[in-house]
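Next, two complexes with subunit A in common: one pairs it with subunit B, the other with subunit C.
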Partner chain A sequence: MMNKKELMNNKYFIAALFLLPAVIFSLVYLIIPIPLSTYYSFFKWDGIGAMEFLGLENWSKLLSDPIFWSSMANNFKLVLISLVVQIPIALFLAVLLTRKIKGANFFKTIFFVPMLLSSIAVAFLWRYMYDPTFGLINGFLNLVGLEQLTRSWLGDSNIAFYSASAPIQWRFIPLYMIIFMAAISNIPKQLYEAAEIDGANNWQSFFYVTLPMLRSTVVNASVLIIVGSLKYFAMIFALTGGGPNHASELMATYLYTKSFTEMNMGYGSTISVALFLVALIVSVVFLNFSKKDVRN
Partner chain B sequence: MMINKLKQLVIYLFLLIWLLITGYPLVFLVQNSFKIRMEFFRNPVWSLPESFTFQNYIEVMESGFYMYFINSIIVCFISVAIIIIVSALASYAISRIDFKFNKIVYILFLAGMMIPIHSTLIPIYKLTLSMGLYDRLSALIGPYVAFSLPISVFILTGFINDIPYELEEAAIIDGASRFRIFRDIILPLVKPAIATVAIYNLTLLWNQFAYALVLTSSPSKRILTLGLFEFQGQHGINIPLTLTALFLSVLPLILLYVFLQEHIIKGMTAGALKG
Partner chain C sequence: MKKFSILSLALLMVISLFSVTVMAQDEVNLTLWDIRTASDQVTPALENAIERFEADNPNVNIEHVPTQNDNYKTKLRTAMSADNAPDLFMTWGSASLERYVDADKVYSLESHMTEDWESNFMPAAMDLGRVDGEMYGVPVTNVSPALVWYRTDLFEEYGLEVPETYEDLKNVVKTFTDNGITPFALANKNKWTGSMYFMYLADRIGGPEALQQAISREGSFNDEAFIEAGRRIQELVEMGAFPDGVNGLDEDAGQSRTLLYTDRAAMYLMGSWAYSSFKNEAPDMLDQFSFFNFPEVESGKGDPSNLVGTPGDNYYSVSTKAGNKEVAVEFLKYLTDAKMGEELINIGNIPPFTGISEKIDDPIMEKIYNSSQEANHIQLWYDQTLPLEIAQVHLNTTQALFGMEMTPEEAANQMEEAAQEYYGE
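What follows is the complex of A and B.
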């Protein structure tokens, strides 16, 4: 038996004490829910009453559920759109703002504001801009004589998903802009001076100095976008609720609707586990990719 | 010289375009919040209000909206305080106490970042019900803390690793306990990192939505994001009124940003910049 003094000198015991609160919070609210969801996925359950064992029925239903697959496809489409839109625009703005121009700080200050708004606020702001009758966008199109382009941006199932993706881009571009600005200001000035002596113009110094030096930052930003795009929920939920007719459904909105609107928690848990697995696979693949890249 | 002037002009042109894309929706928000309902339907959306009336602001506040601010403040501040203590303790152990599994424990904490929180909603809902915390503000604190831990441990561990070990050596030789070293030496030194962690989590949790949606139900327990969501559901047809509620909901962080701009930008990008 160790006495108290010995115990307080035991580094394993001390380490455990320091780690204990963090471990408890993580286990209860982050880790254990995953195996628990897996367990629920084998049952039919409305969240309140008794659970009825179904075996693999929820899982076979999931595999043949076209809405689940289209929501997953939407998640991946969102990844692609976010990569193609956010990285180039953020990079472009960062390059402009790191040049010696008057007012750069003013522009940076304003450009960052969308990051401060909650997803719900951004969603509703855009909903009113998209409003077919009173919205800013159709109003503007009418004003400049492009009436033929006005449409029900969120009501037309062919374009609703793309309309719903726009505010996500709008909100997150500033984040990557700031990241790129920080990385650009870390590039040694001598590299640009050397390029200039060699007769490089602005474009050449961008492609031969800035871009190669930003490589690992761009890769890291891409990983953040990829992993983040699988977790979107609030913005789409508030903007379209996944509609019309599931056109803008994401895995997270679908899982919410099934679990908490239809109170089908067994099937909701099945979607939860599927979402977890997709996020896990994608994270492992891309983190490995980025690690290798950084090492090179 | 001419070419340089032209280049400058092109740069400003692009910056102005983005200023319009970023700024105009916000101007749209404010200008329409001063219109009364009929005026909004009568005039184009970009017209200036006929008179600056605060009628919408009064109506939003009288609907109980102010409660949502108080609720958000309470939940966020308590959560952030707990996050700072819990993550600082864990980061100290990972960084300074050699217990053989440091690296594994650290990686496991970071791996928490990969878990999509929506995958955890059903078990957390059930747990909250069975703990009798459903529809209480305190139900949000546990998930908030857990959700914020990975990034906080990441930032703080990195910071503590950079503190020279010599500062603690003297104290260890004097026989000070680990808790005293943590409290008297480490905590004062990591203050800047704690400020970053606090701002990062405060802004993220202030805008959090999913947990409140699932774990609370009565109007008196709504936090700001959920309050805005429900307000829109109820008054959505009255566009100027809803835009007013929207503007009020984003005002606290914008005001904070006006005073602490550099700190906020640094805090909000901390997770990404060090990653």
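What follows is the complex of A and C.
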């Protein structure tokens, strides 16, 4: 048997000791809930009363639930919008701010502000901007004579989802901007110097030096965006609550409404497990795909 | 030596911990959850009650945790299901309370119901705090019927009379839309706001029996009265009776009343608590507001004196988990005493206590009080009357009706389907 002193000198034991709090945290809050939710998904349960075993009924209901499918479609739309909007803009800002332009530090701070605000505060800000009668956006459109473009941004089910997606883009661009800026500053200067000697102009050095060197960062950012958009909740919930008539529903807002507003914990768990599976499959596929791509 | 000092320090800490517990033995800490946020008009009255109670009972400390309305419902449900109920909490009585009583989360107040205390409440208000004949929650705020609030000056300006019938109402709506004014201020992201129109129309068309029979399953939720109510809502929507993007506006953010205060809307179907909001938000416009009962529908069965609303709004209960139930119940008595009643009346709230009619001198409040006394029937909000599963379908389908995303028949059929599933038919 190891004595106490030996134990304390064993670096694996020390490491395990320090890891323990993190392991307990992830077990309780991240790992255990997955099998637990799967278990709940086989029951009809309101969270308070007795649980009634349903077998696969929740799952068959899920597969034929049009709201679930439309909310999943919205999630994929959000993935697409976020990839197309956030990465190019963040990249553009990052390149701009890593050049020696006047007041770069000032703009760095300004551009980062949306990231510092809480989602709910941002949602409230945009809620008032979107107000059809008093809001900034319609007010501006009226002012410049574009009355025909004024909309009830959050009340019209054709556009509510897109309106609610806009502040998400606004808020998350700075995050990727910072990530790209860090990556750009790690690109060796010699590469740019070499490109310059070869007579490359700014565009060429961006496309042939910066972009290839950022490849893995872009892939990582894309994974973050994909997973983040698949399980996104906060701003949509605060702006539209998934409405009107589920038009802007995401899987996460739908599972919240089912579980906590309608107190159908069983069905809510079913949606949450489905959300988990979708996010898992998509990110595994994407990572594999991009890995192969890098090797080629 | 160093080791010793550390040891003695640790010992000291342990000892001091003990002594704190010993000292704290007589102290009672109670947590109270409700919706009395800073913007709620009742909050000062409630805080005064807490202060008075703490002054009379120096060993008691009440921690008041307010949460904004729609979030509160979720927070309470979640805490209840996680068995983390606060000592004292608030519900809306009836189904919202019954759910927790059935799950043994609520302490019965029956043994504390002295004759004195019992006679303090209006009987109709008490009924909603009872489950299986036992008292579980005491009503504290507002006899609150939903009423059609209107801007008297705008009605005068366009030479309009208070509408008596639905046809009159349509004329009023038409006059306002012709003049670029939104007839009704409504923010329907919250769904319960639009539900008021549906409940009134269903009552005026089918009478209170329509709902009663649908619940008792002698009738159904796709009976003609409910379909017709949906049709009338959509008729009003098509006439432009509601603001643009009505389903995207947030009642909790005051996006409906703002229209009313800025002359952009003329009417507002809302619980009588709207009067407290007017008092608070637009005190200099107060004399420009009055109300009328929802108009009658020709050939409909409902009596126009019927109201939709609640005879008592917020019910306070003690949870079975409360550490010191005696003290908690004692606090409820402060929350329902004469002083509280006076303070509530001052802010434009009609407390569900007996003997308050002579204390009311505000003419609008007197009018609210009288119309609730004269009502032939007071229909409790559908989302409190119906079991949660059906209530949510009602709220969702009604919102879809306002958005013209569902036909009245589809909405009614969805309700009936949900009812059949719930009642296991």
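Simple rule for what comes next: the second predicted complex is superposed on the first by the 265 of 296 C-alpha atoms of A that agree within 3 Å, B and C clash if a C-alpha of one lies under 4 Å from a C-alpha of the other, contacts with A are read in each partner's own complex, and residues count from 1 in each chain.
We take it that a contact is a pair of C-beta atoms (placed from the backbone, for glycine too) under 8 Å apart; a residue touches a chain by one contact, two chains touch by 3 or more.
Bear in mind that the values here come from a model prediction, so they are computed numbers and not experimental data.
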Inset, instruction - Based on the superposed arrangement around subunit A, label subunit B with subunit C as either clash or fit. - result: clash
Legend entry - If touched residues of subunit A are counted for subunit B and for subunit C, the larger one: B
Legend entry - Touched partner set for A:26, first subunit B, second subunit C, both or neither: first
Inset, instruction - Classify the contacts of A:154 with the two partner chains as first (subunit B alone), second (subunit C alone), both, or neither. - result: second
Inset, instruction - Figure out whether A:58 sits in contact with subunit B (first) or subunit C (second), or with both, or with neither. - result: neither
Inset, instruction - Please indicate which partner A:82 is in contact with in the superposed arrangement: first for subunit B, second for subunit C, both, or neither. - result: neither
Legend entry - First, second, both or neither for A:245, with subunit B first and subunit C second: second
Inset, instruction - For A:132, select first, second, both or neither according to whether it touches subunit B, subunit C, the two together, or no partner. - result: second
Inset, instruction - Quick one: classify A:98 as touching subunit B (first), subunit C (second), both or neither. - result: neither
Inset, instruction - Return first, second, both or neither, reflecting whether A:229 touches subunit B, subunit C, both chains, or no partner chain. - result: neither
Inset, instruction - Once the structures are superposed on A, label A:47 by its partner contacts, choosing first (subunit B), second (subunit C), both or neither. - result: both
Legend entry - Footprint overlap on subunit A, comparing subunit B with subunit C: 47, 124, 128, 131, 134, 260, 265
Legend entry - Complex contact set, residues of subunit A against subunit B: 8, 11-12, 14-16, 18-19, 21-23, 25-26, 28-34, 36-37, 40, 47, 92-93, 96-97, 99, 101, 103, 107, 109-121, 124-126, 128-129, 131, 134-136, 139, 143, 170, 174-175, 178-179, 182, 202, 220-221, 224, 227, 230-231, 233-234, 237-238, 251-252, 255-256, 259-260, 265, 268-269, 272-273, 275-276, 279-280, 283
Legend entry - Interfacial residue positions of subunit C with respect to subunit A in the complex: 73-74, 77-78, 80-81, 99-100, 102-103, 105, 189, 243-250, 253, 255, 258-259, 262, 264, 388-389, 392, 396, 399-400, 403, 405-406
Inset, instruction - Can you check the complex and tell me which residues of subunit B touch subunit A? - result: 7-8, 11-12, 14-15, 18-19, 21-26, 28-29, 40-41, 44-46, 85-87, 89-90, 92-94, 97-99, 105, 109, 112, 114-127, 142-143, 145-147, 149, 153, 177-178, 182, 203, 206-207, 209-210, 213-214, 224-225, 228-229, 232, 239, 242-243, 246, 249-250, 253-254, 257, 261, 264-265, 268-269, 272-273, 275
Legend entry - Sites on subunit A touched by subunit C in the complex: 46-49, 124, 127-128, 130-134, 151-157, 160, 240-241, 243-245, 260-265
